[in-house]
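What follows is a set of structures to go through.
Two complexes are shown next, each including chain A; its partner changes from chain B in the first to chain C in the second.
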Partner chain A sequence: MNIFLYLDENTWFHRLDSRTKILGVLLLFCMAMVFNHPLYVAGFALGLVWLAAAAKALPNFWRVRYLLFLLVAFSTLLWPFFAKGPTPLWSWGRLQVSRESLLYAIAMGLRLASFVGAGLIFLSITTNEEFTQGLIRLRLPYPIAFAFSTALRLVPTFAGAGATIVQAQISRGLDVESGNIFQRAGKFIPLAVPLFIYAIRHTNMLAMALESKGFNPGAPRTWYYDPQMRRADYLVLALLTALFLGMLSLRLQGYGQVLPRL
Partner chain B sequence: MKPLGTMWKNTRMIILVAVCAAIYAAALIAFKTAIPLIPGITEVRVANIFPMVFSLLFGPAAAWGSAIGNLIGDIFGGTLGPGSVFGFIGNFLLGYLPYAMWTTLKPIADGKRELALQNWRSWVLYILLALISSAACAVVIATGLEALGMVPYPILSSIITINDTVGSLIGGLLLLAVYGVVRRQLRLIWWDVMDPEDIGRPRAGTLGAWLVVVGALGGWILGAYLLSGQALVIGIIASIVILVGCFLL
Partner chain C sequence: MGAAISLQDLSFTYAETTRPALRNINGHIEEGTFVVVMGHEGAGKSTLCYSLNALVPRFFRGEYCGKVLVHGVEVAKARIAEMAPRVGLVLQDFEAQLFSTSVELEMAFGPENLGLPRDEIEQRIDRYLRFVGLADMRRREPASLSGGQKQRLAIASVLALEPAVLVMDEPTTDLDPIGREEVLSVADTLRQERRTLLVVEQDPEVATDADQVWLMREGEIVAQGPPRQVLTDLDLLERCGVQPPPTLALFRALNWPGQPLTPEEAIALIQQHGLARPRPLKVGGQTADGRPVILDVQDVDYIYPAREVEALKGVSLQIREGEFVALIGQNGSGKTTLAKHLNGLLKPTRGEVLYRGRPLQEIRRTEIAHQVGYVFQNPDHQIFSNTVREEVSFSLKMAGLDEKTIRERVAEALEVVGLSGYEEEVPFTLTKGERQRVAVASVLAAQPEVIILDEPTTGLDYRHQRNMMEMLRALHRRGHTVIIITHSMWVTAEYAERVIVMKDGQILLDAPTRDAFAEERILAEASLRPPTLLRLGNYLGTSALTQEAMVEELRSL
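Right, the complex of A and B next:
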């Protein structure tokens, strides 16, 4: 099973600089938070689907289709009981649902799906290496970025080792499928101990390998790969910023709001 | 808080951050879709047996490792979003508070870093810290997600607190199994790996620890059960108290 979400396509979005992609997805997150009227949020969500189609990221949307559906459904069922509005629709004891809270709930479901959608577009067009490189270029301290990229590389190794350990323990009679939640969580211990020891044994060897090559976390660094921001990157960032400010000004004028909250 | 910054000078601690993050993320990804509680937000987190064990063994590396591991779990799980920022901070606390409060939560703590696993008092402290660090994590994440309009505070704070506490308690078995190996064979316990001058001393450790207790348990119980109508305000105040407490630790 491929655990990576990156889709190797040659689109205009894929060719953007990693800093543009990171800042761009942050702006998309901010935009998703501007309105709380379902029609406005739905408009934004449709815009994201168009972006995903242009970035050839729709296969990843299909991959998490159940999650997206559940997010909208769950939020729509949950929020009406917590957000209060002035126009009552239904009440039972202390539980009340108003027209505004129902609309707000639908909007929040779409907002959650938009968050996931924007994140998916980003992950579909950005490799792990680009992501780390972008964070470094955005002034994240190098040792933190190094730990992050090393962890990203180790995850598939440990996931593979974990799968082998599961098979080995099952062949010795461990039944991981039966029992309630707590019993099943308890059965994770015979799997976790060998995985933990296997992983921690790597630490000393990896540290020695790095130090033998002169690794110094605080030393100034030079780069083989030196990406440059191009005109298209600045254009994308300017466009997204303008769009965000435009949406914000609409909200401040009272558009796209069913309840006076975020 | 000093070791959280000074640890980045030490190659072994940096590798421990990466290893902790990778183990946590691998377990999160493996069980991400197993038993969802709030789809896309949280699930029965079997992986939560790790952060507290990491914390008591690897100290500051566990705090960064848990935070980065949770972020990687979001990336591979396809749930990267603004909520990931609060997930990062909450899981950072889950990995930070147990080791930082192990010596400072007096009079329950005896002030020694060494884990006396044969001593009942150590296990009382372990259980308390499991609950407090889980509640602190829950308060910060639930406040953030309520503010973003993602999930109501009362529901999420209780789910995360219970979920993480149960995970940390089961993690006690893992700690029993691996403590000797990490301490004596691999010699990777955090206060042996770091230079003593890089570890330093807490500013006002006991005061900080009790501020965290008040913020975490008060924020959870008041916001989720007693004053749920004012949950966001309570969550914000509790989060500030927790963060101030952390700075004093």
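Right, the complex of A and C next:
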């Protein structure tokens, strides 16, 4: 199974420096926080969809369509009970829903979906190594960045081994689907022990292979991927910052809010 | 030419063990020679490899005496990172060596560590990917490559460091025949470039091409010399747990002149001395047609949900009571997918699998374990208990049997696999061969009628392979139906009664063993070829499957 979301396309967005991508996605996250009026947030979400289309990231949106839908649906259903507004629509004992809280709920659903969307665009245009490289350029020490990227890389490997282990134990009669919670916890042992041992063996082998290829985290090294900040990068960052500040000032003037909260 | 490697009285004992892994190793390898190291499991072959690039004693600590010089540099005094540009090491487990998200980054990792400038790295990536024939794969994800391609990438990523000496520890063990050929042809090109090459290998046919063969036993080198000298000492090979060259063993048994190490040499000798006259091969082996059907696969398609790849296409197959079947074919041809349908681990996308007339999907999981047992390739994917007894009794406890029955069944299963008396041992501390047996015993304890084994001999040395297969033969004699998935052609030839060849999710050939191995052209389509002995047998027209039977058949001519 492929858990990486990177899509190997060659769009203008893919070619951006990884620092731009990291800072850019952080700015997008901030922007998603600015408004809480559903129309404004929807406008922002549409903008993200356009961005995704331009970066050819829509296939990933399709992959997580259920998740996106659930986020919006649950948020719309649940938020009204937690946010209070002045115009009551419906009430039952202490529970009440107001017009504003309903709108706010829709906005929150769209906001959550926007978070996921912005993250998806980022993961669709950034490889694991680029991400690491970006972190290093943003002054994260190399050993930490390397550990981080290797951990990411090992997730699918261990997931694959885990799937095999489950199958092996099922063929020996392990019934993972029945029993109460304590019985189920006991059944976890035949799965967890081999996985731990596999992880230890695998990591040990990997360490041997890395050392054999001259890996030395403390020593100076060179980079094959050598990202450069170009004019386009500065332009993108400037544009996004300007957009964020513009949105912020609109909000401070009272636009795009249904309730006076985040 | 100077000495590339010089080993002087090297001994090494791993920390926390008492038995030395290497004992007084002496050896001398000239620059540009090809050395093959052979020996049984635990003979010290891997330790020898590690001692050449300072993994021993830097990564693996222990008691170290003696001296290893690689191009004049004393290994024990260098750091591993310093040795990397001098000695490249390729490990058996290619999965564990690849960790980048693209082929080119995998290649770049070594040169980056050396601190090479960007355009130099670019050149090396280009040069060595072309060298191993992966130039078109630059942007691919390593996980999406085939086994042979992965191992070639692992070799190329080590070559990118441009080491003067390349060491490969069983680089072909986990590969199908085509993957083996791919890797061996890379080794061949390296030889032509006169690079120093040290390869640990099990197959005597590979060793035939070497300049020198080193034979190891219990941490010592017991023979060193050209292949014609070392590989012809059959008693010594036997004692070292190494498979003797089958053609040579045959010639010895028949008292024929000459020392052929390959079928080609054997055929030349036979023609030269007029030892036997080739005749047309009579095929038409026995089939199990009359017996009741146990497993019935009816027109099964299977599509992996995540990848949307069609892994099986219209497969129909009947397994009858008491058969011994081998499933062979390339990696990714659908063997394992098919086998996992036979015990209901996978549900067909279309079609049905019946166990004695009942659809497998209707049988409860815990019950299937007592009818169709499945032993996975890697025993470490299932061993979790503190004692062998607990491990083997797992499926019985799951089925809720009483203490006494469990005790009896465990004892019986352990006896069958030859591990009586191991009840209280800790399974994790056993050797690979023994762990494999524990895994088999734990499946056997449920007393399934059918037992399926995925690669039962991979990763075992010749002696353990023989033991494992003899055990399966004994099970078969007791009435079990045995199905194995295997890469090993000689294992298939000597033990299976029926061969099913898979290619691209379809059955390419389904025939009694001897008939199947006579079809060299069809086998080649599936990137397979008959084992050494049967290639000679196909030439001579003998219908025997083992060396003993072939000797008898040729004598009676």
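In this section, the second predicted complex is superposed on the first by the 227 of 262 C-alpha atoms of A that agree within 3 Å, B and C clash if a C-alpha of one lies under 4 Å from a C-alpha of the other, contacts with A are read in each partner's own complex, and residues count from 1 in each chain.
Operating definition for what follows: contacts are C-beta pairs under 8 Å (C-beta built on N, C-alpha and C of every residue); 3 or more make two chains touch, one makes a residue touch a chain.
Quantities reported herein were computed from a predicted structural model and do not represent experimental measurements.
Novice: I want to verify the contact counts: of chain B and chain C, which reaches more residues of chain A?
Specialist: If we count touched residues of chain A for both partners, the winner is B.
Novice: Mind working out whether A:211 is in touch with chain B, chain C, both or neither, as first, second, both or neither?
Specialist: The answer is both, since A:211 touches chain B and chain C.
Novice: Name the contact category of A:6: first (chain B only), second (chain C only), both, or neither.
Specialist: A:6 sits against chain C, while chain B stays out of touch.
Novice: According to the stated criteria, A:60 is in contact with first (chain B), second (chain C), both, or neither; which is it?
Specialist: Touch partner of A:60: chain B, not chain C.
Novice: If you stack the two complexes on chain A, which partner ends up touching A:220: first (chain B), second (chain C), both, or neither?
Specialist: second
Novice: Mind working out whether A:29 is in touch with chain B, chain C, both or neither, as first, second, both or neither?
Specialist: first
Novice: Examine A:173 and indicate which partner it touches, taking first as chain B and second as chain C; both and neither are also allowed.
Specialist: The answer is second: A:173 touches chain C but not chain B.
Novice: Pick one for A:231: touches chain B only (first), chain C only (second), both, or neither.
Specialist: In the superposition, A:231 touches no partner, neither chain B nor chain C.
Novice: Is A:78 touching the first partner chain B, the second partner chain C, both, or neither of them?
Specialist: first
Novice: Touch check for A:94: first (chain B), second (chain C), both, or neither?
Specialist: neither
Novice: Which parts of chain A are in contact with chain B and also with chain C?
Specialist: 4, 150, 154, 157, 189, 192-193, 197, 201-202, 206-207, 210-211, 215
Novice: With touch defined as at the start, can you tell me which chain B residues reach chain A in the complex?
Specialist: Those residues of chain B that touch chain A are 8-12, 14-19, 21-23, 25-27, 29-30, 35-36, 38-40, 44, 46, 49-50, 53, 64-65, 68-69, 72, 74-76, 78-83, 147-152, 154-155, 166-167, 170, 173-174, 177-178, 181-182, 186, 188.
Novice: For the complex, which residues does chain A have touching chain B?
Specialist: Chain A reaches chain B through residues 3-5, 29, 32-33, 36, 60, 63-64, 67, 70-71, 74-75, 78-79, 81-82, 104, 108, 111-112, 115-116, 118-120, 122-123, 141, 143-144, 146-148, 150-152, 154-155, 157-159, 162, 181-182, 184-186, 188-189, 192-193, 195-197, 199-204, 206-207, 210-211, 215, 217-218, 261-262.
Novice: Quick one: in the complex, what on chain A touches chain C?
Specialist: Touching chain C from chain A are residues 1-2, 4, 6, 8, 127-129, 150, 153-154, 156-157, 161, 164-165, 167-175, 189-194, 197-198, 201-202, 205-216, 219-226.
Novice: Mind pulling up the chain C residues that touch chain A in the complex?
Specialist: Touching chain A from chain C are residues 50, 53, 55, 58-59, 79-81, 84-85, 88-89, 91, 93, 95-97, 99-102, 104-105, 108-118, 121-122, 125, 139, 141, 143, 157-158, 161, 306-307, 340, 343, 345, 365-366, 368-370, 373-374, 376, 378, 380-384, 394-395, 398-399, 428, 442-443, 446.
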